[in-house]
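Structures are listed in the sections that come next.
Shared chain: chain A. Partners: chain B in the first complex, chain C in the second.
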Partner chain A sequence: MPKVLIVDDEPLIRTLLEQSLEEFAEHGVAILTAENGLEAVEIIERERPELVFLDVMMPKMNGFEVCDMVKKQLQMKDICIIMLTAKGQEQDRIKAEDSGIDFYITKPFSIREVIEKVTEILKIKL
Partner chain B sequence: MKKECCRNEDASASAWEIFRQFFEQNEEALVVISHETCSVIDANGAACRLFGSSREEIIHSGLRIFCSGDELENLQRLISSDVPVERPYVMTYTRSDGAKSVLRFRSSAIRLPNSLLVYCSFRDIGDEIRLKEENRFRRAQLIHANKMATLGMLVTSVAHEINNPNNFIMHNNQLLADVWNDAFLVLREHYAQNGDYYLGGIPLSEFEEVIPRLVYGISDGSKRIRNIVEGLRDFVRSDRARLDGIVDLAVVVTEAVALMRSEIDRHTGNCSVRCSKGLPRIRGSSQKLEQVVINLVMNALQSLTGRDKAVTIEVIGDAGKSEILLVVSDEGEGMSEAVMTSIMEPFFSTKLEKGGTGLGLYISNSIIREHRGTISFESTPRLGTKVTVRLPAAPGMEMNA
Partner chain C sequence: MIMSKLFKKTLLIIIVLFAVVAVTTLLSSGWNLYNGLVAEYTSKGTAIARSIASSSVETLLNRDAATIQSMIDQFTEIAGVSYVFVVDAQGEIVSHTFVPNVPNEIAEIKLSKNAVPTDIEIGNGKYIDISAPIVEGAVGFVHVGMDKGLIMSQLESSMMRQFYLLSVIFIISIAAAYFFVNRVSQPLNELAEYSRRVAQHDFSHSIEIKSKDEVGLLAGTMQSMASDLSEVFDRYERALKDAVVELQSTLAYLTAVIDHMADGLLVSDIDGIITHVNPAMSSMFNMRENDLIGKYCGDLFGEGLAAIVQKSRYNPEEVYTVEIPLVGGRTGKAVAAGVLQDYFPLEGPEKGIGAVVLVRDITAEKEVDRMKTDFISTVSHELRTPLTSVKGFTEIIKKKLEEDIFAQVKSADGRPARAIKRVRDNINIILSESERLTSLIDDLLDVAKLEAGKIQWRTELVSVADVIERAHKATSALFEKKGLAFIKDVEPDLPPVVGDRDKLIQVVINLLSNSVKFTENGSVTCMARSDSNEIQVRVADTGSGIADTDRQAVFEKFKQVGDTLTDKPKGTGLGLPICRQIIAHHGGRIWVESELGRGSTFIFTLPKAEAPAAREEAYIINKETITHA
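Up next, the complex of A and B:
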């Protein structure tokens, strides 16, 4: 069963993303959530999701640190990490690429873009 | 010539007034932004209410009123992109009362002879997200309740099956102990006359000590079985919803339908709910009856072969018999005679490969029976099914015939 992890400290955004992916859940995709970076790393290690939507600005451990930990220290390179970030500037893009992020979606974001990414990465047609 | 000119001016003034009122009275929060400079040109009353600011304040603050920091830059980029896109975007924002919420906005372009404007509509979807989440939670609770009901039935029947033989063990053991006490006197006399001898490999001299221990072991084990079974039964009982509430079936149906809205919309564009007014209440558990409504409506939806097929849910009174009727009709596949005879059996399902448990109707039927009601089916293959649940009106709350 494919797994998608949503990491955001803002409960409404977390819930909105979870609701937006409801149809994938009906097709057997497990939707997991975490509210901070530390919890995210724990879940990634334990559950090994195929795809992670990762917020940047979070308490305890920010998105870049989570990505660095997962991709470099834990060597879990096959996990696809999509960063959801308000930081869309060139230097942030470089920083994101350095920490091993696969894609990023800038805030404000389009729910349709999130759904399209899940479809593309998990190769699931709804 | 002059007259013609005045008429044109009148027409243009009237068109402008129509546009102005359309903009002002629109329930969506509308904001007009310059594509070139990203400055706010106009905002309607709904936008003022949404952002807790006057029109002048919104025009003065510009996009800063919607968000700040990096998100503001991204918003500017979105608005000033080559072709403003119609797909909705979401972002967090802080309401005027300080509460955090989520804003959804769409933008599209208005081309004027000399400029390009972007027309944005904003909507606070925070409450929508919360409501949907509450519904999801309640749905999960219902599924849990369904599982517990299944477990309850299983436990009750297993408890009954275990208790019967355990009672034999308990009572027969006592009887055998009494028989042994009497027989032992005879055996001991034989021992006094002939010396020690063996029974079942044990010398009689040891029996005085061994037998009470065996009897105690059997009776203690049997008591433990009884306690475990009782514990299981108590566990199931504690999960049972109380059946002494006063329930308005129309409210139960309305809530169940609201809970299933997305499921209904997925299966049909043709679902109607009709509840007669002023019906008497019934006695029971609204939670359990909601489970019945959901099970029946779910079956109806799953039987449909296309979105144009209808499902009708009715709550009506049967004046003559002081009963409330819940009628769920569908234009679905219908059922054959053979299927009709088995639908109430536990674990019977025509949807096993789609994850059906075959317990929905079985549990619904037992809930209806708990409420002293009945359920009946009328079905024609390929035309549809009509399920009628009859529940007695609460005593003292019958309808006036």
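Up next, the complex of A and C:
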């Protein structure tokens, strides 16, 4: 069963994403959550999810560091990482591309956009 | 007392003149005396000889030598007569007064029948021999010898007397000359000393010459001239002193102004060699003034500063700015202006003789800017999280309602139907308002970044036709929604511009959506024309138009024309200020032409890409700004 990890320090954003992906959960996708970077890395190492929603600004370890750790140090290149970033932060985008981010979604995002992206990546027809 | 040169010269002339006169007088009087004495002796001798001749005829005839001897012996007693002798017709000496013998020299002249006196020398003595014939020479001749030595001794004593007299006269006249010359030269000496002092601008002395002659007149004139001169000098000295004091105080004032300027000041010559810096400048770079003067500014402050110094040399009328790093990680803003040479009408770049650079420490401003940008970034980020929740949960609510609840309500009339419609409308309002809030935050972030210079601008060749096309595509939904016509009028083969394609598209989108927003019916025309050196883009609508008073305000932040209390605001009020910033960055202008009720036309210009040098320069300076930002 595919696993999706949601990493954000804001509980409401985690809840929002969980609710958005509710239908995927009904189709057997496991939804995991982490509230900071360190926890995220632990879960990724342990659970090896197919898809990670990763916030940028987080305590302990930020999104770029998590991405860098996963893609370069842990060599888990097949994990798809979607960065949740603010619009217009070009420098952040360059950093995101450097650290091996696959996609980015700007906050505030639309639920439709999230569902479309997950459908595309997990290749699950709802 | 020192003899004056004048006196010495005069004395020498007097001595020489006197000597010449004395010698001449002495010689001529001596010569005259000599001639006189010779004549006197000759005539005396002649008289004696004749007297003897006339009285001795008989005696001779009788050959009474003893009588003749006694007679001639008497004559030797007469002064000057040295000898007497008588010769007979045969030339034999009958009688003579020579002691003891007749000298040999007499033998030579004893036969002379000449009556002319003859000079002879006997031994060491010189004599004048005078002969007189006795009876025409038939009986004999009488010879009388007059002593010439007596003449010489008489001449000598006379000459000596004259010499003594002349000597006395000479001494007296030298003394007199000394006295006179001294009397004349003493005031002249004083005058000379006085004039020497005057020449050295020493007016403290005066001269006491009261005589009425030329010297006195000269002294008086000189003294009055000196006092005039002294006055003039005093006046000029005072004026000079005043001028120097004034100059010093002006200089001190200027130096104080420059030294106490908060901004750093640097003056360089045309080669970029530093000629002057103020203390603020030195401390900004933590260098001593002496270490800066005479150095090439590029070596000390980097090529950025050297470049603007060079530019202001070639374009002295322009002002160039660049950001440069200061010590301690601080940032300075350097403003360079050319120094114009006004005095000489030189041609070309040589007109500028250097550059003045002002450096202001803008670290604090940069920090404030950075804080502002950070603040806006943080705020916008912090706003995004709740906004994401609002938007996201609303979308979920909407989805759940539509799919799970509204679908279950079969009776599509009465209260439930109205309630469903109300809830649906309200949810849509929440969603569109959160969209509006999102774009407000986005625009706010854009403005903050533009103002902080934190935008990374692309520099590429951009086709204006392409920009308009893309902007039209992005806004086509808006046109369809309001049923407005879009008219495109783009001149074929427009030259490209240099800039950031996405940002230019953003400008046109903004203008088009604005036009749509304020136009209820009619059309929006987008026109592009090539001008002499720029491209002009016009977006004209048939909407409500803008009043005169509001025309400039539309480009100000958070301004929307009209009454914000009664008119529902449509947008963030940041679109046009962003457009203005973007166009300004590209070196263009943006403005609006409008009349209330008759539509508005927004026009912007962009320079053509044909002047690459100018563009490149602007780009380099901007790059510099970004690098140091």
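Heads up, the rule we're going with is that the second predicted complex is superposed on the first by the 124 of 126 C-alpha atoms of A that agree within 3 Å, B and C clash if a C-alpha of one lies under 4 Å from a C-alpha of the other, contacts with A are read in each partner's own complex, and residues count from 1 in each chain.
Here is the rule we use: a contact is a pair of C-beta atoms (placed from the backbone, for glycine too) under 8 Å apart; a residue touches a chain by one contact, two chains touch by 3 or more.
Please read all numbers here as calculations on a predicted model, not as lab measurements.
Novice: In the superposition on chain A, see if there is space for chain B and chain C together, and answer fit or clash.
Specialist: clash
Novice: Output check: A:M1 vs chain B and chain C. Expected answer is one of first, second, both, neither. What do you get?
Specialist: A:M1: touches no partner chain.
Novice: Considering only touches as defined above, state whether A:L126 meets chain B (first), chain C (second), both or neither.
Specialist: neither
Novice: With both structures aligned on chain A, tell me which stretch of chain B collides with chain C: 5-13, 113-121 or 131-139.
Specialist: So the stretch of chain B that bumps into chain C is 113-121.
Novice: Residue by residue on chain A, keep only those touching chain B in one complex and chain C in the other, then list them.
Specialist: In chain A, residues 10, 12-13, 16, 19, 86-89, 107-112 are touched by chain B and also by chain C.
Novice: In the complex of these two chains, what residues of chain C are touching chain A?
Specialist: So the residues of chain C touching chain A come out as 377, 380-381, 384-393, 395-396, 399, 434, 438, 442, 445-446, 449, 456.
Novice: Would you tell me which residues of chain A are touching chain C in their complex?
Specialist: 10, 12-13, 16, 19-20, 57, 86-91, 107-112
Novice: Can you name the residues of chain B that touch chain A in the complex?
Specialist: Contact set of chain B toward chain A: 67, 69-71, 73-75, 77-78, 87-92, 100-102, 105, 125-126, 129-130, 132-133, 136.
Novice: Within their complex, state which residues of chain A touch chain B.
Specialist: 10, 12-13, 15-16, 19, 85-89, 106-113
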